[in-house]
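Consider the two complexes below, in which chain A is the common component and chain B and chain C are the respective partners.
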Partner chain A sequence: MKKKVLVVDDSLLLHRMYELALRSYRRFVLEPLFAVNGLEALDRLAEHPDTSLVLLDVNMPAMTGLECLERLRAEPALCEIPVVLQSTEDQLSDIQRGLSAGARGYLTKPFSPAQLHQLLDSILS
Partner chain B sequence: MMDGFDALLGEYALDARERLDRVEQALLVVESLAGEAREAELARLKAELHTLKGNAAMMGFGELQSRAHWMEDAVQAGEAAGLDVTALLGSVDDLRRGVTARTSPKAEPGIVAASDADQPPAAPASTVASGVRVPFAVLDPLVDLLAEMVIQRNRLDDLVTAGRASVTRGDSQQATRAALGDMQIAFDALGRTLDDVQERVMGLRMTPLQSLFGPLHRLIHDESLVAGKQVKLATAGGDTPLDKALLELASDALGHLVRNAVVHGLETSAERARSGKSVSGTVKVTAAVRGGEVLIEVADDGAGIDPGQLRQAAAAKGIALADGEDPFEVLFASGFSTKASADLSSGRGVGLAAVRDAVRRQGGRIEVRSERGRGTAFRLWLPLSVSIARALLLRADGELYALPLALVLESRRLLEREGHEVNGTGVMRWRDETIAMLDLGVRFGTRETWRRTGYVVVVEAGGKRRGLVADAICGLQEVVVRGLDPICGRSEGIAGSTVLGDGRPILILDARSLVENNSEGRQGRRGRQG
Partner chain C sequence: MHPHLLPVFLIEAEFCLDALDQALERLRISTGDLPAWQKAVRAAHTIKGNAAMMGLVAITDSAFAAELHAEAGSVGGGQQPANDLAGCAAELRRLVDLLVAEASAARRMPASAGVNAFTDHS
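The block that comes next holds the complex of A and B.
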């Protein structure tokens, strides 16, 4: 069965990178979904409450990743969906706040498809 | 490079260039803003730099990543006291070069030119992307329309089959007429859908002129620094659409005209103060659709050009102006430059001649108006769309030719006594001048001697006029211009081909090369074989 993975990032190039990396994952067939900011992410999750994982950029206009995470946690239907934060190395304080707000893990840029696959292994299985 | 993302090199380059354009724009305006507006611009700037950095990191481009990081820090450091805009713009240029070096097919890895005074700045014009992104919102209706056309075609097919059967059965005339009526309705519906598709597909080729306005801010910033003048750029009409095929031409021409306005058109602050003007000059670039053309105007509020001085300068160069001829025309004469004149410095003439030639080649035109003390305005007219042209259909010796209207001055009947032979070439009088004639049949090898009667179409290119002679003018039509297959080689005098409503393919004449090339007959036949 396909597992839905929602990618939330304001860079469309990052969407394409995730798409490549998610489609080359072998353990499960993944269906990537995309949103460009936190608000859109909430809409997308409302349409697809069966999403298996959210990959959430910390640094975005129109609702940052952390705000979006808090909104997700407050939503009974969505609060169980695992969230992985994604940021650059210089935003570690945001990552720490995110982890204490309930994120399951984090990825820092740059990451390779192999690194993403490892993270998927640990969260999706 | 990180394993796995090589496939995205092209997309990375497109994305990075767009972001660098936005960074450049933000840098150019941010220090003219204050308070919340400045803060908002700084936030946008930092967000773009942050993403640039992250994307470069993802692609494994360490140098680009650290240069973007350096810019982030520099913006942060200058947040309170003011940014070092010139240094940051230098980094934008370096990053542009770095992106190109890393992503062009013959990329030598690891080369990012250091910020170097000898290095020419990255040309803003080079940011005209050859690729195009089509949003699904635009693509999807097209796919729907295509599906619609298939359904309509099938409906028409059914009706034709039914109509045939009806005729074979020998149904009443009334029934046959009804069937024909149904066919007509289905046919009209298909035609309407096709019109819609055509409009939308042509629309895909259109891009808003705004994309050309961006680099102008940078150009003004750099040129005014060099010229030691204070210059403001005002733009309007950025949403005016322009055919993508014309983008590069418009970009070059605009750059040239704006640079001219700063260097030659505007006065220094001191001069402006003396004549009671505001200290900083303004270059205004406006665009609009007028009829079937796009009008782009570049106007400065500088000293203007004195027609008298221009006449004198032209005379000194041996360029004669006919009575009543617009003196500003000499600005476009190749080789013309008025070093001696106070308002113009060398170089202007040559460049403008090249600009006008390029503009004319694409079926456009350029005009200039100037008022002493008030300023100078160049008006650039470009066709709205290049791949559909209005053309005269000419017939010569049974062959049909399409002649684009853009360069046609006049067409009329050729009387027997009008043509004269001079050194084997036909000439005729036309509006007080003698112009050479070119028989299309002789030119394309369908006859040996030029005809004395028929129709003549006077065309103008590069300042020369010529009378093209044919048997008849068969009408005026919109033709879809298609290039000739490269396998045909380059054919002088032929611009391309088109297909008529009845399916006949015909050649489109290249009026410019027919006017400018003195080839006739012999060469013509060679061209036909080639």
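The block that comes next holds the complex of A and C.
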């Protein structure tokens, strides 16, 4: 059975990179879903409440990753979905806030497919 | 660098550089234009993250500098951050144009063995 992974990032390049990396993951068959900001992510999750993981960029327009995370954690139907934050190195304070708000981990850009797969191993297993 | 990813990077970089130019145009009229500074921060941040993922160090560094100048401008306005931002935008444009030229030259050559880590799963 496919596991759904929601990628939330305003960069289309990142969407493409995640798609390549998620489709090459061998332990489970993954179905990538995409959103370009936090608001759209909430809509996607309402459509797909069986999502197994959210990969959430911190710095996005319309609704930031941290705002989205707080909204997710306040929503009973969605609050158990694991969230992994991703950001650049200069936003580590945001990552700390995110981990305090319930994120399960984080990826610092740039990251490799191997790093992403390692993280998927630890969360999806 | 993976051939499928570079065109996506270049399209998005072009879009962001246009956004930077539009922001700078507005800042030439008024350095107190907060939405223009914010637009510049957004564009520089996207270029920075994308370039970092592609391993393009010079573009990452220039975009980071642009982002810092735009953030400084969004807090206090002023002509100096606008000048600094314009300098970074010009350098980013030069680097992206160089990449476009290199990509065009590479297309005229036999396929290279170079593969981006994002698709090299061997």
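Assume the second predicted complex is superposed on the first by the 125 of 125 C-alpha atoms of A that agree within 3 Å, B and C clash if a C-alpha of one lies under 4 Å from a C-alpha of the other, contacts with A are read in each partner's own complex, and residues count from 1 in each chain.
Rule of thumb we're sticking to: contacts are C-beta pairs under 8 Å (C-beta built on N, C-alpha and C of every residue); 3 or more make two chains touch, one makes a residue touch a chain.
These numbers come from a predicted model, not from an experiment.
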Touched partner set for A:L13, first chain B, second chain C, both or neither: both
Partner chain in contact with A:P110 - chain B first, chain C second, else both or neither: both
Touching partner for A:P76 - first (chain B), second (chain C), both, neither: neither
Those residues of chain A which chain B touches in one complex and chain C touches in the other: 10-14, 16-17, 20-21, 24, 59, 61, 88, 109-114
Partner chain A, residues of chain C touching it in the complex: 4-5, 8-9, 11-12, 42, 45-46, 48-50, 52-55, 64, 117-119, 121
Complex contact set, residues of chain B against chain A: 2-5, 7-8, 11-12, 15, 47, 50-51, 53-55, 57-60
Interface residues, chain A side, partner chain C - complex: 10-14, 16-17, 20-21, 24, 59, 61, 88, 90, 109-114
In the complex with chain B, residue positions of chain A that touch it: 10-14, 16-17, 20-21, 24, 59, 61, 88, 109-114
